[in-house]
Amino acid sequence: MNKYLLYPGCSMESSGRAYGDSIKAIVEPLDLDFEEINDWNCCGATEYLGINLIPAYSLIARNLALAAKQMNPVNGTGGTHTVVAPCSACYLNLAKADYYMQERPSLGAKVNEALNAGGLEYKAGTLDVRHLIDILVYDVGLEKIRSKVVHPLNGLKVVPYMGCMLPRPDYQHRWTDHEHPTELDDLLRALGADVIDYPLTTECCGGHMTQIGPETAFELIRRLISDADERGAHLMATVCPMCQMNIDAYQHETNQFFGTDYHMPVLFFTQLMGIAFGKHPDEVGIGLELVSARNALANIGIEVPVTQEPAAPRKKDEGLPMPRRWTKHEGKEAVR
Amino acid sequence: MTEQFEPTIIGFTCNWCSYRAADLAGTARMKYAPNVRLIRMMCSGRLDPTFVLRALSGGADGVMITGCHPGECHYIEQNYKALRRFILLRRVLAGLGIEPERVKLVWASAAEGVRFASETTAFVEEIRKLGPLNWGNQGKDERERMKDENSSFIIQPSSFEKEVTL
Amino acid sequence: MKPKFAMYWAASCGGCEIAVLNTHEKILDVDANFEVVFWPVAMDAKYKDVEAMEDGSILLTLFNGGIRNDENEHIARLLRQKSKILVSFGSCACEGCIPGLANLSPVGDIVQTAFNTITTDNPHEIYPQTTYDVPEGELHIPKLFSVLRPLDQVVDVDYYMPGCPPESHQIAAVIDLVIKVVKGEAQLPPKGSTIGAGDSTVCDECPRSRNVKLIKEFKRIQDIAPMDPTLCILEQGIPCNGPATRSGCNARCPQAGTQCIGCYGPAEGVMDYGARLITAFSSVIDATTPEEIEHILDGIPDPTGQVYRFNLAGSLLKASANAFKVKE
Amino acid sequence: MPQMTDERVRAGMNREEDLSLLNEVSMKTAGVSHLEMCIQCGTCGGSCPVAMDMEHTPRMLFAMLRAGMRDEVLRSNTPWLCVSCYHCVVRCPQEVHIADVMYTLKGMAIHAKLYTNATAPHFSQTFVDMVEAYGRSYEMGLATRHYLRHFPLRLPGMMPMGFGMITKGRMAVMPKRIKQMDQLTAILDRAKQLELNS
Amino acid sequence: MSDTRSNPVDKRSSPVEKKIERVGVYVCHCGSNIAGTVDVVDVAKWAGEKLKHQGVVVAREYKFMCSSLGQELIQKDIKELGLTRVVVAACSPHLHEKTFRTAAKNAGLNPYLVELASIREQVSWVHSDKTVATAKAKAVVAGAVSRVIENRPLDEIKVPINPNTLVVGGGIAGIQSALEIANAGFHVYLVEREPSIGGHMAQFDKTFPTLDCSACILTPRMVEAGTHPNITLLTWSDVVNVSGYVGNFHVTIKKKARFVNEELCTGCGICQEKCPKKVIDEVYEAGLGYRKAVYTPFAQAVPNFPVMDKENCTYFIKGTCKACEKFCPTGAIDFKQEDQLINVDVGNIVLATGYDLFDARRVSNYGYGRLPNVFTSLEFERLSNAAGPTSGNIVLRDGKTTPKNVGIIHCVGSRDKNFNNYCSVICCMQGLKFAHLVHERTGATVYNFYIDMRTAYKAYDEFYQRVLEEGTLFVRGKVAEVTNAARRESEKGKLIIQVEDTLAGKQRRIPVDMVILSSGLQPRYDAKEVGKMFGISCSTDGWFTEKHPKLDPVATMTEGIYIVGCAQGPKDIPSSVAQGAAASARVLDKILQKEVTLEPIKASVDHEKCSGCKVCNGMCPFNAIAFIEDDKVSDINPALCQGCGTCVAACPAGAISGTGFSDAQIIAQIDGLLLRNLEPA
């Protein structure tokens, strides 16, 4: 049993309910033990930081302090020092607070002074803040995920959409690449899905701009769905409730604004995992999306995946060879 | 105390990097705290802990050791040897009740005049905060105080500091 | 008339006397060639008898023990005055030895520990007083100094004979030498010399072999079983003080399968013994990052005690900052 | 207007260069901002997904910070458009904490009341009010209050969406509240005090 | 007992019999440079009084000590007052130590009995309060006086020089260096790790700013080096061991098996023609073309013998094939050939090991390795080279389409804290050259994206002007990303370069067909190990460190070892050639001197005190310390010793002493600086 402290985040119970439901559905087959942080509070999203600094970080740090207390083996439940946050914005806020409290000790001291007012304290660096997909890919492992697949997603054309706040700024160096990370691609491939190379995978969905500058947000949403559509995707898979909300709930308005007619369902990757693990669609929150995924999911199992043919020797007018793709694990020897 | 404490600090510099950095700070007329008096050595690897102990026991309030950045030693890797000695020395000093912060290791290349100047000033400030070490005079002050204490059966030695000459 | 001989113990354990007696029949040569005028452990004598002697009338005085109280200091000065040759005998007199480790603590704490701990039955919290009136008159006990000093920090010393205690064969050799000098058959070494020991360090006499291998971990001797009997102890990860400790004992401890603890003090010409050990230990560390170095050094739990076990009082810093501060 | 006789004012700058501005922003930013290291390469402006709507690219804003154009900087809509996507942050060759500087500028603009469009600051404030009241965000309350204030005309068009969200159970009608609200309030009160003092 | 050694000297209580030295102290005004901040008259007077008991017999101040009059002042005192030690309180020893030492030498005093007290760089120039500065100057002088008394006369050390030279690396810098020395009549071993000399320059088509054909100017040099009677060319070889010291290096070179007998091979090329195994050429063709398993990298290769690539040869993999052997007309193929170790003795070594190209795949937002039509600079060099895989046709990766729009991105991997912090020097000019070539060969619209245009040096900016004139468009801005995600119709099927045009203050998206990344240069992947083998250090960035960045740019801290070309840092061809020649001049200077003078700052072991604990054995990176098994003591070879003093500080027995910076000197200086040596009150 792999134990983690769970910071669900506010949207998990509301706009991102499908995410919360589907996480619950996959926890058990993957032998994960998620213990919720008691009485956690909102991380402030991207709003609090713009108003003031110390209260914003104190708000975030209260959660870290609660988690650190809870994981303490003496007076808490112990067993882990890893906090898992499924929401990208929550993940970034928690991870960033932990990092900045170390990078600038004067900030750390002030935040702790504030926490003291509530009888709490947090020593930066105590916890390991990680995102759900990080846990699934690197702790659980693709092998195990693959072994749980009973209903492979063969034929479902998916664009993997990581969003921006997950792979960046990545102070802890958790991802393969902060421009074109492959974790989500790899995971969806493990489910059998037909993963489309999506150059916009870490582009922004508009964030809070849907609320304060809708025209800006619509343009960002349009870029994402039009490119996905262009590439023939059945649906988009996302890791973040904010992304899902923006692309799903504001797709109608975006279409109206541009006079377009896109129909691009967007599901949480955990929903797809649930489907692949043989869960009932209801159980993983299918149907909660405003842009219906029904037609998209109807494709599962219909098409046979195309296998790539080995490269033929170069003819007179054949293309030039491509360099190997960079991986961060590549040693210096590979430089030549 | 109205007058601010002016610490005396001995600095050991590497001929190839930090001594040249000090030269550069001079050429560029950078102003820094005047409390550090420098000794040139060929390499930070020449640093014998004896020198630090001698300086501290002889009236210095702090010791600054400077060498080339790790990996940039003009003698290839001798600054790593200085680093190892320095870390153990600080542990030993801590055991003797001397704040380890009184001995500092700074990496500064020949081009880093600015760094040399700012690190020097910063170190002087750190030592100023720690106050005088006053090692050579410890016994003397105590002796003065002990004269008034008649109840005690403890006394201070009368000839505490007998000069040691090499 | 036979030349006069004296031996005194100040702050010491008495082991040096045992070592003298351990020379067996050689002790008879002392008796045969000298008139023993003052040797509190072996014969009765009064300080006033010594005070009455002519200055320089004692040819040879072996002084062991450090200077911990005013009585020690008084006798040290007295014997200096009365002796032609004053030998700082044994580690305590030369460099403070184990009693010198008391220089890590304020003397008040030491007294407190001695007179008021769980193991001490002192219900009325009675502490010694330097003077005390009894019907018979006033009693005096010596006053403690705040720190212990080796002999040469108090008086001028002619020769040093290190060791805790000095090896008996070395004592015998020195006795032989002095007798020869008395008979006019030999010359005294120059004043200030260390006698009864080598100029090099324990490794010189140690038969173990060393391969210049660096180590990733310091261990304690009980952590290694069994220890390689032919390989350098330091190279096996045990902080052995041999490389920095004066030779002369025939590498007794390493030969017996344990690390040198440094009782013979620094080698010839060395200003600070601890500094030599700091460089010796840091030279075998296999690490380049501060974190890794710190981690390896965690294997030496008490670095100060390790490098100054016998030498603290005789070191450049002489004592800890604490010891200088008397508790009020 | 009399002040228009000043050439700097005519050029759209403060009357005097405020050379403390750069340092002030740097000090108020979380982490180490590296703001003084900017080489004006434009990586941030090139990376920004919303540059099309910005009055100044982030790079220009940093140049203006250096030039001490306090009012101009704090009036700029640029920080308010930042979507915190961190593209500029990871690409910046000088490791400037650009996104965090934007947060700082927003805070300073609110403090100086220099923003030109109140939508964004009001949204942030409304959000924060909800969090400070309940300890959790409250989407329904937020949406109603915010849209009524700033996008009343957009509301009818959004009704189907809002209705969908509620019927699908994706928007709670009542707010959730954390248990130890007083603890959170105490922490935030102290934090606000500290913020004022710094 | 035999081991009861008594000894004559002890440090502890005996008053050491010291001869009182006669010290002269000279305080320099340096015009107002020192006198403006330090009361030099007071310092001299103070030294004369307070340090009198130390042996100061005269203390003077003078306007300019380094002037001939100032020097004569010292010389006169040495002769007339019988000075045995001299302290000059003036500038840094790095400036005038030699001046005053020579002056003393000419007056009959051993030069090493002179000490400089730096009261200019360390006092007057860095402090402003005159009282504080004067007090510090006094302490510095007191330190120098205490120290100089402990100085001992030293003699310079002379070592004979072997006239042979080793040059490592056969790029243009190494070739130049080897030719200069060989032409002067001395023997050179030129070692190259690839099958042919020529280096990166052999891969280029044109060179900036003159647009000379690279091969046309390089090939004659290569041939000259290959046939020169004074040059032993060892290609497909690595230096595996270096020992010794200046004048007397012993070098072991591994000549890798070529599997081609060089005596028999005529270089006809039939083996390559017949070899059935095609391999991507990652080195010479920068991964853009193919070669065979048995190959010469290019037609003009020197030497022209092929090498067999064992990893890819079918025979070595499967045990059958041997096509090359069957067709070789002279029977030169030898599958049994083995690596050979060659030992050579040389007096000097020139390192010309060059650079690696920054791996552009690391900048993932530029898409290299993901987007086919993004090319690196070296790929483009091959693409534009008439002898390259496309015969000089500039085409897309499909091998046939000519681009209509090309974007050239500068500073790829350079000037970026995420990658290399430094400027790679050549990329701006390289970008301009590419722009010109694209324009000339394809007529395409060319964009150059730059942060700062750096076209310093002769005729470089003129080239910039020329490229501007040709119509190349320049955008000032570091490119944010290259993407294939189109947002509008005109972008479809193109690579879009997204950038802030910082001069226009607007974000732009520029669709192009081809992107060329002007990748930076970085140190060879094995530079650290190579540096260690030759006993030289690398900077933080990884380039070899020169002795002095301005005044000694080709020498290193290790006497007799020189660095030239890009091994020392990014530079263009003219600078590399200049450095190659400069190092040769230094080498020839050494050879013609027949012997070399070394500073007498050396460590030595007192065998009486040495316990043979071997602690020092691991201390020396120059292998100067050896253990003498017979005597069970360590010993230091003075010729190898570089004088760092690490072993002196390390010896647990205090058995090692170092000249010039002895314990006694440093301890005395500490005491002096702490003013513990003043006249007792």
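Labels for the chains are A, B, C, D and E, by order of writing; each one numbers its residues from 1.
Just so it is clear, a residue touches a chain if its C-beta (ideal position, glycine included) is under 8 Å from a C-beta of that chain, and two chains touch if they have at least 3 such contacts.
Values in this document were obtained by computation on a predicted structure and should not be read as measured data.
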Report summary line: Check: interface with higher C-beta contact count, A-E vs B-C, is B-C
Query - Farthest chain relative to subunit D (centres taken as mean CA coordinates) - result: C
Query raised in the report: With chain centres set to the mean of the C-alpha atoms, which chain is at the far end from subunit A?
Result: C
Report summary line: For the pair subunit A and subunit D, the C-alpha centroid-to-centroid distance in angstrom is 24
Query raised in the report: In whole angstrom, how far does the Cα centroid of subunit A sit from the Cα centroid of subunit B?
Result: 52
Query raised in the report: What whole-number Å value describes the gap between the mean CA coordinates of subunit B and subunit D?
Result: 48
Requested in this report: Starting from the mean Cα coordinates of subunit A and subunit C, work out the distance between those two points in Å.
Outcome: 69
Query raised in the report: Touching two or more other chains, which residues of subunit C qualify?
Result: 152, 271, 276, 279, 283
Query - Overlap residues in subunit A, where contacts from two or more other chains coincide - result: 179, 223
Query raised in the report: What are the residue numbers in subunit B that touch two or more other chains?
Result: 48, 50, 54, 81, 85, 164, 166
Query raised in the report: Which pairs of chains touch each other?
Result: A-D, A-E, B-C, B-E, C-E, D-E
Query raised in the report: Within the complex, which stretch of subunit A touches subunit E?
Result: 177, 179-180, 199-200, 223, 226-227, 230, 313-314, 317-326, 332-336
Report task. Enumerate the contact residues on subunit C facing subunit E in the complex. Result -> 152, 156-157, 160, 169-170, 173-174, 177, 189-205, 210, 212, 214, 242-244, 247-248, 250, 266-271, 276-277, 279-280, 283-284
Report task. Show which residues of subunit C lie in contact with subunit B when the two form their complex. Result -> 67, 70, 73, 104, 107-108, 111, 127-130, 141, 143-147, 149, 152-154, 271-272, 274-276, 278-279, 281-283, 285, 287-288, 290, 293-294, 297, 300, 302-305, 307-308, 315-322, 324-326
Query raised in the report: Quick one: in the complex, what on subunit B touches subunit E?
Result: 8, 10, 16, 19-20, 22-23, 25-27, 29-32, 34, 37-43, 45-48, 50-51, 54-55, 58-60, 68-69, 71-78, 81-82, 85, 110-111, 117, 164-166
Query raised in the report: Which residues of subunit D touch subunit A in their complex?
Result: 28-32, 49-50, 52-53, 79-81, 83-87, 89-90, 99-100, 102-104, 106-107, 110, 119-121, 123-125, 127-128, 131, 135-137, 139, 143, 146, 150-151, 154, 157-158, 160-161, 164-165, 168-172, 176, 178-180, 183-184, 186-192, 194-195, 198
